[in-house]
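All chains are identified by letter, namely A, B, C and D, in their written order; residue positions are counted from 1 within each chain.
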């Protein structure tokens, strides 16, 4: 293979260029992946539009992207898995495997984690919108033929949703609501359905998103800005939902959460807020004995996510709105910035 | 209403008669149910064919049946739920609500439990194959119109399966196997699918049952008497299933269980054995750190079971093989004795 | 016995009188208890000082008290447990045993609960500062001779602490902190120690309370108003506590909680706030994947609490500061109002 | 330092020699430990007496020992923890950190595990009865000064017991029994007490062991060969223990287990059997809804174990019966073979 590759590099706010870069060289314990498809995440959009994601400011040009699928083209000596030629999805979060969090099965909280396509390090860590990507062998999860490149690049965001489900134990036969009908909200609906929840409701002020939620498996969809919202919830559930997934990052959604969840219920926080603090009715948490839990990335749900998609139990295809070639990466990012009209935009690197 | 009713009374081995009996009178805290449909369970078959079920010998004539759906026709003073006129399924197991097991959410182990249609008491406790049935108000679970009488009478055996699933925590995205393709085995397949398991395999020596298992949602079906069984399991799963539900009550199935479950896996016992003891490789349990857990009846899964059926997430209709009127109760029992050709036989009491 | 008894009745703010009242008559399923000792709880103090507890305003005179031990003097027909003559502690919270919460082992959230000595009903429900008390048979838990009257009346508040511990699963070998060194905070220290936590820290601005915390088993005690508080936490724990029990009801304590708990940690809310809402850093909950859980009363910890005290594993004696006779009930309440100098004040009804 | 060291090498049955061997050289990611104390485990005794441990036969001379404490004398480049000079205990089981078991917090079932002082590999893997030991940096857990060399070498067997406790969730306030009063049984008593169990019983046919169990914290001790054993259990517990830890590896103990555990209870298997299969009353597991779970080595309990010992919550000192210098290693092994008179024998390598 040639020594150089193309990659979508963020040079500044709204300044994304397809640059030629050196193909990374193999290192011990690693695998070199020929990337075939990359999905655009909300954090990519934030870096692109604002030059920062939360507290992580971009300090140098770097390659975006962390939702990728590809093919293994080389592995270091001694690496038995994955094999060269295997199609894989990549867990963009490299865990050390040995700190106390990793040993306890909470590798998403690893003390030494390194995340692809992220400005959380200085300089930023390059991501996956590049023809070749060097990752730890253990970050590669083989996928069967039923999972094509597009679906493969959906596994990462689906893992976020599946991890959120895992945070609440069983939802089987239980009424749940997802607040927020963006990509992660929709994936949470799909995950909740795969996990046996019933009834599944979605709330979002945007009609198009409610419509999409119903298409991907929600049983009902509410506009939370309607005055009758709480009455509608009561009509559907009696005394409220057992579990609420907050996937909007909208302050009013979280405040409402404490009202639409029943006694003993659980609120799972997935959405990120721009506000540093939010006023909450803590006494309600106490006297109604609620659980309010954060859900961060994906613990250890990769094999489960792959099996659910490969078996056809879940269908992520409807969420892929547009696929553009690498050379149009900047256009793809601009498209993804739109909050409506598209769910997931992907970049084709083949 | 008239003062008498008809009921299917077991007088001796294979001696089931439709007798006229007094309609029970209301008691405090109770509801009178006009039974509309009753399913025949394996224990009914044992009482009918052998005059006993395990250690419970029939000591006096009694009404069989505990899988029932009906309509509430009267409730005692002060009972607020269910309401007269509501269609309900009946939990045949009356729990005291206050012993240490009940308080801990393990009401299926209640110290003071009383089971309908059972010879565990002396004299036996009458069951539900009678036009009217007096039960505790809290034993009645209202069902929506989507659940017709036939599906309603399937909720009880489905609750057995759902409880077994609940005993293992999450099965989402995990490979599971059900050993035994009888009614409970098939219901376990359906429950496992509703709970997100993938892949789901079934093993049964009878081809017809394997076929039925595939129809209701199993991904693959094995004949465990084939020499290549273990190779087939390895081809499908690599190193074995994560969870095995033993629903056959066949000794070879349990012995194989310890070989087809992977390290760290769980075996759930649902089937009853005629043998008092079974030789098991306990060191395997230790060095492979398995869990071997019993699953007894249904803890507290009634609302979940009803919601899963009502929402259409699970379809129990294919398991209802035959429905006969009350006057043909003896024929219905004889039919149910056949191990093949039928899955569930029900009695129509309308 | 005579037909009347003495009881400490709250007639208005700071107007507590020892009145003569009729001894309640037995009802089905109930037990009549000759109360021997009653402890004064924070809610009693609120009713006494302010005429209300949170949103519950006193609408009519009623008997205070819900931390009681006594002797069973009569039981209704058919009640097999407790037996007449048994010494018992009383669970002041009567659960229905049959609603969905009760069936799921979360009886503290029972839909039909009735609480002794509480203005949550209209009229208020009489409590236990009376010579005789009529309660459900299942509310009585026999205690062995090692538990004298004083310790018996400590079981109820200890159950609050033990339930809080139960809300977090295992604390074995884990560093925990209790914020607030009042009666419930001290009992939480004792419970945490019994459950295997190490290290156990307490934070309280009051030196006397920190001293008491160290006496009952805390390993260290902090003044959270000191500028170096966070440095002290870091010196002790590295990156923070794994579990925090918020037992102060002080807003600054909860805000600090999110800073002194490590990634993946749990905050348990026990204390009640006067503020309706509190501003919290919700993004921290998300990116550090915390759990924030309410703990309400006591689920089902009575037998465990009794065994821990009876076995000598925990010693609650040091928390009993003063015992006054029933005729001095008003004095006892006044004493309990003091935030320092006393931990628990009890009333002797023998 | 010199280039050679002394080590206790097993050359054949009962042929243990102190040989001179080369000090291992540092490798990437590793730490070199100057071993100070090593405890003799049952597996060491099996290798010494029989040349095998279960299915693992000794195929070449190797260094015994895996319960060790020492001081770090060198670390590979880039290793930040442990630091040179730190006193550490060594987890003898090296886990890969990245297989599905490791990622799920079940590293004790790691697919790529490598165990010190074990004939499970061919050739056997050398153990820790040698002056220097090369291990993965992540296998070293620093210990504070309160844990001296002897206590440090007790952490590994205590971790076995603590892991068994972790397998059952909470034991707080619950009656438990440990069958078998050998070293692991005694450590399980100590662990159960640290975790809040009450009452704790022990059963062992040997009076000396029962006596020792009472000394280290058991509340009662039974001779299971007495005809009145079950009556004694009933007198103590009513309807049986909630949890049973089988630490004897004796078949009768396991058979009795199903009789002395109450409905809904748990049996934890820690002891290894010489019999390949054991006949068990599986229907009891079903109708009494028991859990029967294996407990293999130690998952992730090292920090907890160290904190419990360092804090003084548990006292392991009474279990250390004898300490002999390395040159008397053969004598030490012979001593450890005795089933009575000693609990734990250690080898001093300073």
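Some observations on this one:
In this section, a contact is a pair of C-beta atoms (placed from the backbone, for glycine too) under 8 Å apart; a residue touches a chain by one contact, two chains touch by 3 or more.
These numbers come from a predicted model, not from an experiment.
Considering the contact criterion stated above, the chains in touch with chain A and with chain D alike are B, C. Between the chain pairs C-D and B-D, more C-beta pairs are in contact across B-D.
Measuring from the averaged C-alpha position of chain C to that of chain D gives a distance of 40 Å.
Mean C-alpha position of chain B lies 43 Å from that of chain D.
Across the assembly, chain C contributes residues 106, 303 that each touch 2 or more other chains. Put simply, chain A touches chain D in their complex at residues 95-98, 100, 102-107, 136, 138, 299-300, 303.
Residues 162, 165-166, 169-170, 172-175, 194-196, 198-199, 219, 301, 303-308, 311, 313 of chain C are the ones that touch chain D when the two sit in their complex.
Against chain C, the residues of chain A that register as touching in their complex are 54, 101, 106, 108-109, 254, 263-264, 269-273, 276-283, 285-296.
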